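A single structure is presented below for examination.
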Amino acid sequence: MIRIVVTGGTFDKQYDELKGALSFTATHLPEMLRLGRSRVEVTVDPLMMIDSLDMTPADRARIVERCREAAEPRIVITHGTDTMVETASALATTTPALANKTIVLTGAMVPYAFGSSDGLFNLGSALSFVQTLPAGVYIAMNGRHFRWDQVQKNRATGVFEAR
Amino acid sequence: MIRIVVTGGTFDKQYDELKGALSFTATHLPEMLRLGRSRVEVTVDPLMMIDSLDMTPADRARIVERCREAAEPRIVITHGTDTMVETASALATTTPALANKTIVLTGAMVPYAFGSSDGLFNLGSALSFVQTLPAGVYIAMNGRHFRWDQVQKNRATGVFEAR
Amino acid sequence: MIRIVVTGGTFDKQYDELKGALSFTATHLPEMLRLGRSRVEVTVDPLMMIDSLDMTPADRARIVERCREAAEPRIVITHGTDTMVETASALATTTPALANKTIVLTGAMVPYAFGSSDGLFNLGSALSFVQTLPAGVYIAMNGRHFRWDQVQKNRATGVFEAR
Amino acid sequence: MIRIVVTGGTFDKQYDELKGALSFTATHLPEMLRLGRSRVEVTVDPLMMIDSLDMTPADRARIVERCREAAEPRIVITHGTDTMVETASALATTTPALANKTIVLTGAMVPYAFGSSDGLFNLGSALSFVQTLPAGVYIAMNGRHFRWDQVQKNRATGVFEAR
């Protein structure tokens, strides 16, 4: 059993046609899992729906706490890409340690609800890495996985890369 | 470096608007990798473009041979779902053994070119499993992976399951 | 008020993922009208769901009869493209004449349910032509309209053109 | 021959994946006409790419001027929905009058580049109305057409309605 902690991010942004602006309503995770014909046993846990640029230390503390309390040893977190590395770091350096859990953060460069989204690819990737990687905190983007302290987002290209 | 051996299957079917029928032309793999913003180093190898129900023992022998000759230790094969298990078995039981290679077969229930396809999810999943699983032959479908001799396609539901 | 008589055709084909083949189930018209945010007052009338190559004289007689009985003076018919001209001719030459009705036949080259469909464009077009053209039988395809006896489908290009 | 004057609006908004925000780059009109398999003879004229809330009197004067100079007697204008009625009014009340031209303004509630857009439906509709309506200035939205002085956008529902 895998827990999917939803925090918002581009993954779940959609277009508010009355306001003509991007917004959050409900998470698209259940629809995405259905589209992927996923048969992985998961619990979708919509913890918050925010842009990761707006994420506060208190929000990060809630994510860490949720992972600590979770009964599942394997957790995927959907997250905005801008501060994904920061949240990964908060998870990896919390005291006492989040021992024995495999945590994989992922996100999207383009909202799932829009054409040309990488969301479904990234979800398939993160769900697969979380089943096979040893305990630790990772980021899964662009079909690759990185340890939390060996990755950065290249803001010029939008690509996650080793550092 | 990962090799992606393309054999056709539902993954790559498209709609021929002049004939009003399903057909194969070129593979959608490069477009899918672009959509997924994949930065995994891959070689796309379009070996054949056929429905897996039409696959002959000679076709399977070509797939085995291609995997044997490949310099890459990690290989994804896109394949029709109907006889995917049979090809996995051919790969796993060839003599001499395909030692030290991780081979992951995947496919799709709905063509990538159509709405509502599971193809992008499955590609993200297969590319991730192939990077982390030990040497062996596997099938990656529905977000899960199975050893070649522990899986069957349930024809009533379209789901791959343990046997 | 406009009646939309549904007869099937490529418009409404979908992919049966268990059989790996094209099939018909329910019509996509209500979903398409919703997507187009249509506020035209319409009655969707699913008369038959068949490939127009399989349409018999008896099927055509049913379509004519339905148009004759309809209370609405303006009717859109969704229809396979292969024999659309034949059905238009049956409607225009029936005795006694279908007087005082504006009837517009339309269809699609690619199923609505698949990516890259012209269906939504054609529906918007047909619904607009039917509101503004005088009584008569027309075909609306490729953004244009033709009188029933001045049009043919070019089978090499898939385009409807004047004859 | 029909001129399509592009002014931007939701129709042509897209998602800038590096900035995580909506933006304009090139118009999607040629791609949309291709998708609709349109064979209407058109000239696509990208005059400006702006949000209609940012449209100034000078911008409106440019649109009027472009319509006046156009050789084509039939013109479609793609436009943001928020001030579409205002531009229609500017076109209809200019002196000397834009005599003998049929001008149809249309737009979209959701960007064409995103899933669930009404853009293709509206384009098919506007292109059809412009071919059949007498000289005058109209708005085509929601599958319907309105004279410029008999329409308003209902901001609570996003629907254009008679006034």
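Order of writing sets the labels: A, B, C and D. Residues in every chain begin at 1.
One rule holds in what follows: a contact is a pair of C-beta atoms (placed from the backbone, for glycine too) under 8 Å apart; a residue touches a chain by one contact, two chains touch by 3 or more.
Note that the structure is predicted; figures quoted are calculated from it, not measured.
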item: Common touching chains of chain D and chain A; value: none
item: Distance from chain C to chain A - Cα centre to Cα centre, in angstrom; value: 45
item: Cα-centroid distance, chain B relative to chain C, in whole angstrom; value: 39
item: Euclidean distance of C-alpha centroids - chain A vs chain B, Å; value: 27
item: Contacts with two or more other chains, residues of chain D listed in rising order; value: 109, 116, 158
item: Pairs of chains satisfying the touch condition; value: A-B, A-D, B-C, C-D
item: Residues of chain C defined as touching chain B within the complex; value: 10, 15, 17-18, 20-22, 51, 53, 80, 82, 109-111, 113-116, 155-156, 158
item: Chain C partner contacts - residues on chain D that touch it in the complex; value: 32-33, 35-40, 109, 116-118, 120-129, 131-133, 140-145, 158-161
